[in-house]
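Shared between the two complexes below is chain A, which has chain B as its partner in the first and chain C in the second.
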Partner chain A sequence: MKQLLSTMAGTVFTIGVSEGDEVTAGQTVLVLESMKMEIPIEAETAGKVATINARIGDFVNEGDVLLTFE
Partner chain B sequence: MKKVLIANRGEIARRIIETCKKLHIETVAIYAEADADLPYVKEADTAFLIGPSQVQQSYLKADDILALAKREGVDAIHPGYGLLSENASFARKVEESGMIFIGPNPETIDKMGDKIGSRQTMIAAGVPVVPGTEEGVHTLEAAVEEAMRIGYPIMLKASSGGGGIGMVRCEDEQTLSQNFMSVKQRAKAYFGDDVVFLEKYIADGRHIEVQIFGDTHGNIVHLFERNCSVQRRNQKVIEESPSPDFPQEARERLLKAAVDAAKAVNYRNAGTVEFIVDENNQFYFLEMNTRLQVEHPVTEEVTGFDLVEWQLEVAKGNSLPITNQHEIQSTGHAMEFRIYAEDPKTFFPSPGTIKTLQWGSMDHVRIDSGYEEGNAVTPFYDPMIAKVIIKSDSRQQVIAHAQNFFASVTIEGVKTNVPLFREFLGAQAFQDGSYTTAVLPQWLEQQKEEK
Partner chain C sequence: MTEKTAYNERLEQKLTTIFAGGHSKYHEKMKEQNKLFVRDRLALLFDDGVYLEDGRFANSEAGDLPADGVVTATGKVGGQQVCVMANDSTVKAGSWGSRTVEKIIRIQEIAEKTRVPMLYLVDSAGARITDQLDMFPNRRGAGRIFHNQVRMSGFVPQVCLLFGPSAAGGAYIPAFCDIVIMVEGNASMYLGSPRMAEKVIGEKVTLEEMGGARMHCTVSGCGDVLVTSEQEAIAEVQRYLAYFPANFTEMPKVVELKAVKEGRSLEAIIPENQNAPFDMYEAIDQLIDEGSLFDIKKLFATEIITGLARIEGQAVGIIANQPKSKGGVLFGDSADKAAKFINLCDAFGIPLLFLADVPGFMIGTKVERAGIIRHGAKLIMAMSSATVPKISVIVRKAYGAGLYAMAGPAFEPDVCIALPTAQIAVMGPEAAVNAVLANKIESIEDPKERLKFVQEKHQEYKEQIDLYKLASEMIIDEIVAPSDLREVLAMRFSAYSTKHIPQPPRKHPVYPV
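Up next is the complex of A and B:
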């Protein structure tokens, strides 16, 4: 199972996908707010979203699992 | 005033401590867990851990800060910039607790924090404002109708916005429709208020602001202007004074409008009136910042005054150190460069430990730094590491000193925008001084095309 990890610490600002969605490589799936900037987090590879492990407003650390793919 | 609590962090906390030391005022610092090793914590006479790293759990905990201030018996609280500095309810609580808030009246903060309200105040005072809606627009339909009246392109803005957040330029009805809900959502998320309004977009505009100062005896003066048009993502990167390519006649009108704006709200302490200036040197009020600005050193360098000292004097109830406008002179030229821990191309933040911090050539250079070698830039706060301020006789000389400085600086461990300054200082558009707020994004595009 593939996981998408947070590239940096920040607050989850928006989540652009739902569980079960098919995403393409490079698609922005989530936006973090960190250091007064909005940082888009992209899917590294294409796949189907199995679980979303973060909620809007959560503070995540670098390396935390944001999504898992089937 | 014998003891001051500084409700801030990093370089501005350090800057305030420096002036307090000069004036033999005792300082109390607060810090979050992530900031325990920063220089300001050691430089304050006493420092207290206020909470975990996130600002909501530390620097924004107004009641905890107030309780600490009371326990420590401080006479006044300096809020710095950002964080609680423009929080009217905090200012009010400070005063209700019998301490001095080093800043304007809470009522002024409230009035100027609401962009729609401040536009109305300025219209009444005869200060030109950007053509736009007089009230908030609540629905997309209303926004589309108003935009038709104003004419595209327009700026869609959050009434409570600031710091470049909560504003989007809309070219046409389609982009307005696409952005309307997201700007409202951002405004709600960042500022807790989703009221938005529309302004005409001023093409080829320059951002020029005026430093003003008022006391409790009715004196109001200006300390000249700063041109802050070099920006990325609507946030300032370089500021300078005097503004280049700005005729004396227009400068005088601008300075007068700023003083009129300050008088309209009976302004107290340090403030900045921001204007957008078009290609014909017509200017329009944008907003008033009711605090000391990040870029205040530019003004300190050309006027020779310590603005934090002025803030403390006024807060004590004394008159401004100089009340006669004619005795305030601007000499030479000054520029400030904001060093950010960020990727110089994508502008994404780059937290990490500063392994090497060697400033190199210090000729004509002042550095206001929040960090030292070995400190960590953490992901919890603004990515600004330091401000480099250069003062000389002429703009040309300032640029030459800046080029020497940036050629000799070494920062390792985090990515910074130093490489960007090295290149951009040589750009024709910057060197000739005629630049607008589009200068940096346009120059970056051009660099990409040339490669």
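Up next is the complex of A and C:
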């Protein structure tokens, strides 16, 4: 199973997909807020979202799993 | 045409054996791995496939060690004379015997004496253990190869093309090169093989995971350019060398200018909202001659872009924050990446262009424990001590030490240019108001009143750091409309091309490495 990891420490700002959505490679699936910046997190490959492991407002550390793909 | 005599025939026979390389089964194996035979690599690399070879008969009397597993040659690449050492992995897996090492040392000495770039085409299993006393510890043993590399660093360009393994001590050849081009799937670098790792420390790991090309180009930062074939690797080194002079005493070549790539204007690309991301590559495309970007460490520490490019035909080294990746925040790896790139450009007279859009260095426990301050110091020292023409462009925000790292006014850029979207401050308005007035803000109970107060303070803060105020105080030198920037940069780089800064009398600084 593929995982999408947080690229840096920050707070989840928006989540642009739901479980079951198909995403394309390079699509912004989630935006973090960190250092007062909006940090788009892109899917590395195409796939179907299996689980969303973070909620808006959650603090995530670098390397934490944000989403998993089927 | 060689005349036919008995002794010429004997020579011919010897040469045929040497040119054939190792046993045919090893040639077959290379084909399966999409690898080229060493002499085919050299034919592709050199102009018209022509080169002079030294030490051709090395170990030829041993029978199974033609050229002792390495071809050392000099010839032209893109019109520029270069020296090359190229392992032959059909001969004892490209391992090093005493003559292999001596050949490599001699070609390095030729590169140094003739003051031309030195290329290393590496595909080698490492030391020939059976020969270790003859090639490992002595004065002209393998260690001398690295000593020579260090000696020549910054004197002539040194590039490594990694086509296969570069194991144990041999892994320091790429480590001391200016850049390393790695072929995905075949190239690898490691001190101890997976087999050794399992035996010695009990770790089970694959070669790709531990020392593969993709890992080194994305995670460790030991690789600079990831390619999918040897042909592509050779094309990339040809493209790379065109930006460089033969040695540090000469200037980079100027080529015919090209127009920028067709695309949106910088005004359309750069969002006014400081916190919104955009793709800095798109902005760079509007400043440089079309197709001229040579991206170094493209896949590593992507929050900073380091690449060679041309502006109206002149070579420049670009260091740009990438707001699209990690918000353009500087980390330890981004500092390392930029520091090495600045050192490279400064060594060979390539002027530097800084494009700043940076919220600062990352904060938090993780980065502090990893020593972000000492990593950041490497970048600031490299930038600060560079004496090539240096232009700092503040694209949007430049906060805190981010301004310093990106060649802010205190670091003697030849000019500090602001775009009208620039914002220079110790920190952004939200952070600053929060830092100074946190207690006051919390004491306001009515949420509407609180928001109103915060917004007023934001506005006040923004007025304090207004760009025209900074220009009026001569903190920044120039404000330029984004669409005029390319022309301004071309004129200014040309104006500063004779720059010379005498250095303080000392041996060298104490590097914060």
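We adopt the following convention: the second predicted complex is superposed on the first by the 70 of 70 C-alpha atoms of A that agree within 3 Å, B and C clash if a C-alpha of one lies under 4 Å from a C-alpha of the other, contacts with A are read in each partner's own complex, and residues count from 1 in each chain.
We take it that a contact is a pair of C-beta atoms (placed from the backbone, for glycine too) under 8 Å apart; a residue touches a chain by one contact, two chains touch by 3 or more.
Note that the coordinates shown come from a computational prediction; the quantities given were computed from them, not determined experimentally.
Novice: With the two structures overlaid on chain A, would chain B and chain C clash, or do they fit side by side?
Specialist: After superposition on chain A, which the two structures share, chain B runs into chain C.
Novice: Between chain B and chain C, whom does A:Ile39 touch in the aligned arrangement: first, second, both, or neither?
Specialist: both
Novice: Tell me which partner A:Glu70 touches in the superposition: chain B (first), chain C (second), both or neither.
Specialist: In the superposed model, A:Glu70 contacts neither chain B nor chain C.
Novice: Just to be sure I read the superposition right, which of the two partners does A:Glu22 touch: chain B = first, chain C = second, or both, or neither?
Specialist: In the superposition, A:Glu22 contacts neither chain B nor chain C.
Novice: Which partner chains sit in contact with A:Phe13 here, chain B, chain C, both or neither? Use first/second/both/neither.
Specialist: first
Novice: For A:Phe59, using the defined touch cut-off, is the partner it touches chain B, chain C, both, or neither? Pick first, second, both or neither.
Specialist: Only chain B; A:Phe59 stays clear of chain C.
Novice: In the combined picture, which part of chain B sits where chain C already is, 74-82, 146-154, 254-262 or 308-316?
Specialist: None of the options clash except 74-82.
Novice: If you lay the two complexes on top of each other, which residues of chain A touch chain B in one and chain C in the other?
Specialist: Looking at chain A, the two contact sets intersect at 8-9, 34-37, 39, 62.
Novice: What does chain C use to touch chain A in their complex?
Specialist: It comes out as residues 275-277, 323-329, 331, 359-360, 362-364, 366, 428, 430-431.
Novice: Going by the contact rule at the top, pick out the chain B residues touching chain A in the complex.
Specialist: 54, 163, 165, 189, 233, 235, 347-349, 351, 378-383
Novice: Once bound in the complex, which stretches of chain A touch chain B?
Specialist: Residues in contact with chain B: 8-10, 13, 34-37, 39, 59, 62.
Novice: Can you check the complex and tell me which residues of chain A touch chain C?
Specialist: Answer in residue numbers: 7-9, 34-40, 61-62.
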